[in-house]
């Protein structure tokens, strides 16, 4: 815990618990936004040489991950006045417990391998794994479509955390392409959400089970 | 070469006589005088003199039936050693040909019966088609046995000279089963009691007689002659098996053979006198016993030869 | 120069969004033609890319590319009449997305960089989402939602997989560009554990997109809800693009000496997909879903063949090409069925041979082809895959393979007979105009010819593609 | 070889011409029939010339490059040539027959398509028997199946035709997959597509491959219990197609079995016993089921099953003989089986053509609706009679010759002791039983269809116009008699086929065959002499006798009617009763009650146990199993994502 990175990463872990426990979408969005900001800042702390391009790119990432993506989800909610509940399949308390277990498991799991370059950042890998699985968890444990989208974003954040810290080689242009993809994806999802709301008058995915065998 | 022909002609001439013996025996059991011993010759003579009446329904098959059945029987006799004398033809596998020729005769007898559009003849035809199937199985099983015993596949190898004796020597007691089985086959193939009663008056229960209802004149004569010959054929086989000895003199052998034949025909007559016709659905079981017997014999013989 | 091939449709697509009414249609054909010409040029010349560390001309890429542009050209011709016959609102979005879709898929085939490949594949998802939602119905909305979400999640995992491969580089201490080609060269140095993990993630990720069971769940919905030309593209070539990603990674694995591991995984997933397809083909009620599941089956067959390697890998590539040709023709034919009978249920159709004879020819030929009956090419592909599998000694696997093929044929044939010969509930009064049948005929004819004669250059390209994964004979 | 391909070219061009000329009905038929027949004639000449070569003729080989790396290899040896003769002979006559048979002028396109696929079928059959590597074989085989499928579905309006076509399609494709599996097993060990390299693989593998191949080819040949498609497909197809399919197409299955056997060169008695048991089952059950049929074409189809059984019995006994090291037994068995292939192709196509003529003129396939056709259909009736006698295996016709050889083979193996004895015993007895049943069967058909009085007005006042339909039947009937009386040449042909099996039996023992054939000829001659003598006597007896006509003696019935005739059902009834365990007989007839009973009816139906067992035994379990899995796709996206996670986790365990 002697690294500043670890300090904020622990906050991210907290935000995961928070997102698991929160029953209302706006708070969930805030949590996701916070994670986005943090993960896009992490590369600055992790000791890569800070080129100008690097710094600029970090800011762009911050802009997109931290602000744009959460914003367009928020807009979607605003525009169509979606109910604020996340309609859990797994209850909040159970989710909280699951989150704790997840974090512990992630830390224990990441002890297994020591990777060059990031050895000293104790929480980096755990956080990445935790974010990944947490996203998956939200995707599977929330009936509300928007919550699911947010889960997807959480996942993406986790993957970005891994990517940004390990693939030092990855050219920024490529990273940027990835970023754009994610952004576009989220936007399209937002559009779909609006359409769902308009056609079905709710974003409860229980209504989206007509196509089956 | 002359002797085979002689015996072949002799067989064809005496066949009607032997059949008459059956009638005599039955008459005896019935306490009657019975028809003259040459009755069958009179019948044939009478029939050959007559003309014929044909049904509108019939076609040329109706006319072919008698000819082919007679022809088949005659040809069969050409391959059979009569009275232990050499047959006119004999080669590897001739016995199969003979059996199938008799089958050909049956085919056309049935076809001729079906030609008349008469319900009763169809009925008889169906039975005529049914029962011999089992007989054939029996016969071919017997053939396998004989082949195992003699290592040959020709009639003369079983019934010529003292070959039958060789069979008895090789097989021994089991051959007794075969004799019984062959006797059953004889009764079935020639539609005698207990399979069929030639003397009955109810068409519903007939087999052979009903099939020839519409034949008349020479056609009927040929059919009768054919049936005599067929009976003679099977009787010869049985007779040779019960009298397997060979004296080496044609006349003596002929005489003894005639005696054996009389015995066989007599037994047929006795059977007809003491037994009643089986119900039609009982007949297959009766015929199957012959198959069982031969099968039994074959198995035992196998043990012997081991 | 290489990049031009996907830039052209990109620009055209951007343009198409602003072309109102039906003015976009000719652009579709025009772009298709240009694209075809460019691809042929690429095939012949094999030029260098402007950004060689992102893009490059690889044999497998070329194969997919040429198929894509041939298909797109014919499909665009078909689309003219289809659009005219069916009511589609906001046509400009449809045409625009079609073109963008084409451009992104082209990009997939030409990208050599792991990340760029990922970007392109994700882009195909985004570009094709509007196509699925064309009909604006609740069902199509649901299909789109599932398609986008499931594919995005899956592909996110593929991204993780790509990242993990870079981790494998770090751990293995390999200095290399992130391009498939150079990684394949230096594969020996990569850390095997991380490489395996990376492959697993990439397989599941791109497998989701390729429609391998159990990640196939989105596929039947999307393919059945999209308008037929779009389904033809989705099923015909999009799956190939996803397969390309797996194929290239498999190449790295083989080069790293982990071919056994990845091959076995491919075989297992292939079998799973075939079994899943069998499950739903048997009692299928909608003909487009039927075709969709048949695509899953064929993807399974291809994965199986790739995993088997040797003769099987060669057969897999043949299956890949012929499946694209035949399946897209079948989907176009299903468009005719929809136009003619108006219903999407199999029970809505019937007696095709009398009602729409020309369509019947295309339909039944396609059915025979997809079931691996000559004179269509899948037959020879499956033949090689099966023989190759026996050669490689996977007796149990190939036994399951054959049995499930029997089941699938039984089911598919039942539906095909139903559609073709049973009494029809209604009489069709649709004119089978040339453009509604000849594209299918063209595709089927190509498959037929390729079953008996493969141009040498094509043959050489296939061989180049498969030799690295131990393909060939 | 050039001649061979030239004939193929002619045949295919016939089909193509049909499609081109479909506008003009009669010229189209004429052109197509002419070209196909000419092509077949050429092929026949080619095969005949090949056969005519003296001594151990070497195989002619030909190969073309295929898909840059492979070859389509063709090889014609004795076996191929033998089958080619049958194929081309029957197809030629069928083509001629079709000219008058296909008279639906209102459906020119359907007819043209029929001719097209007919030519494809003939050509692909020729290619199948000429193929010399797996790829070529499978290609030709599948095209054969596909084209014959389209021939079966010629008239899709009738529901039973559709069902028949579906059954046939599935059976042939599944069979093809089994063959492919067999090839796969072989390729897996030999590593080569060429047929020549297959004998090097281990014996256990050989047995596996042979069993796969036997199932595959058996389902094409109609071996019990894979024959289910056959009695459905043959009535559905046009009669000349049934003639070709039943006459020669199913024989390609026999060819496949023989070829695989020759390739594997595996001398285990087990193989022979498998073939033998299958043969006996098909033989007996086939003829029993045939007895139970009312539809004449269905009956003939089941009868094909029976004859396939006889052929397999010959081949099986031959294989057992080869395994037991008894050359004479082996050669006789194979020769008998092969000769029966030729014979059956002749008389079965003859019978189907006759049935086709009946169907054309009366429009009825139900036997009990016919009767008395002999009077107006002299040629058809007579040739049908010849065919019936021949197929019952009776002398002096060709059916007897092949069965005779099989009998002799069985007997020559019937030395006590040893594994072979039981097989021989089984073969001989079951052949005898089959012979008897076949006799009953065909006396029934002759009697009910062609003899007696017409049972319905459909059978009254018919004719047999159409020379193109009569002519082939006469040729075929002539062929039956020719082979039956002078078998030596044909037996030698069969021997050429046997020598191609590579059993290492040289020319020795040929004299035995010549002897046997000569004997058969002598037997026939003797019979004919006797017969003609009797004929002469008969004519003498009938000279200047009064021959009058009258009604049939109705045994007391004053007004007999045609409806009183014995029906096919009742004719076969008692025999079927005997076989009830294997052929469940269902009868429905309301009992007659009351003093003045009203009209009653009788309906009987025999179940094919294989067909009965197919649904509960195969279809339902499969459906059940897969229906249990359908919940996978239940529409809930959460679990869909769960699947992805599951896949990842499962895979990570194996890393």
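For clarity, chains are labelled A, B, C and D in written order, and residue numbers in each chain start from 1.
In this section, a residue touches a chain if its C-beta (ideal position, glycine included) is under 8 Å from a C-beta of that chain, and two chains touch if they have at least 3 such contacts.
All values derive from a computational prediction rather than experimental measurement.
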Remotest chain, subunit D as reference, centres from CA atoms: A
Nearest-to-centre chain - CA centroid comparison: D
Chain pair whose interface holds the most contacting C-beta pairs: B-D
Where subunit B and subunit C are represented by their mean Cα positions, the distance between them in whole Å: 78
Length of the line joining the C-alpha centres of subunit A and subunit D, rounded to whole Å: 70
Distance between chain centroids, defined by C-alpha means - subunit A, subunit B (Å): 101
Inter-centroid spacing, subunit D versus subunit C (mean Cα positions, whole Å): 44
Residues within subunit D bordering two or more other chains: 630, 632-633, 637, 641
Residues of subunit C engaged with two or more neighbouring chains: 145-146, 149, 153, 220, 280
Arrangement of touching chains [line / ring / star / complete / other]: other
Each pair of chains that touches, named by its two labels: A-C, A-D, B-D, C-D
Residue ranges of subunit A in contact with subunit C within the complex: 115-117, 132, 136, 139, 145, 148-149, 152, 155-156, 159, 162-163, 166-167, 169-170, 174-175, 177-178, 180-181, 184-185, 188-189, 192, 195-196, 199-200, 208, 210-211, 213
Complex contact set, residues of subunit C against subunit A: 54, 113, 115-116, 118-119, 122-123, 125-126, 129, 133, 138-139, 141-146, 148-149, 152-153, 156, 159-160, 163-164, 166-167, 169-171, 178, 220-221, 224-225, 280
Residues on subunit A engaged by subunit D in the complex (per definition of touch): 89, 136, 139-141, 143, 148, 205, 208-213
Contact footprint of subunit D on subunit B as seen in their complex: 48, 50-57, 59, 61, 67-68, 70-72, 74-75, 78, 89, 91-94, 96-97, 100-101, 103-104, 106-107, 110-111, 113-123, 125-127, 129-130, 132-134, 136-137, 139-141, 143-144, 147-148, 153, 203, 213-214, 217-219, 221-222, 280-281, 284, 298, 301-302, 305-306
Interfacial residue positions of subunit D with respect to subunit C in the complex: 66-69, 134-135, 138-139, 142-143, 145-146, 153, 156, 162, 165-166, 169-170, 173-174, 177-178, 180-181, 183-185, 187-188, 191, 193, 622-623, 626-627, 629-630, 632-633, 637, 640-641, 643-644, 646-648, 651-652, 654-655
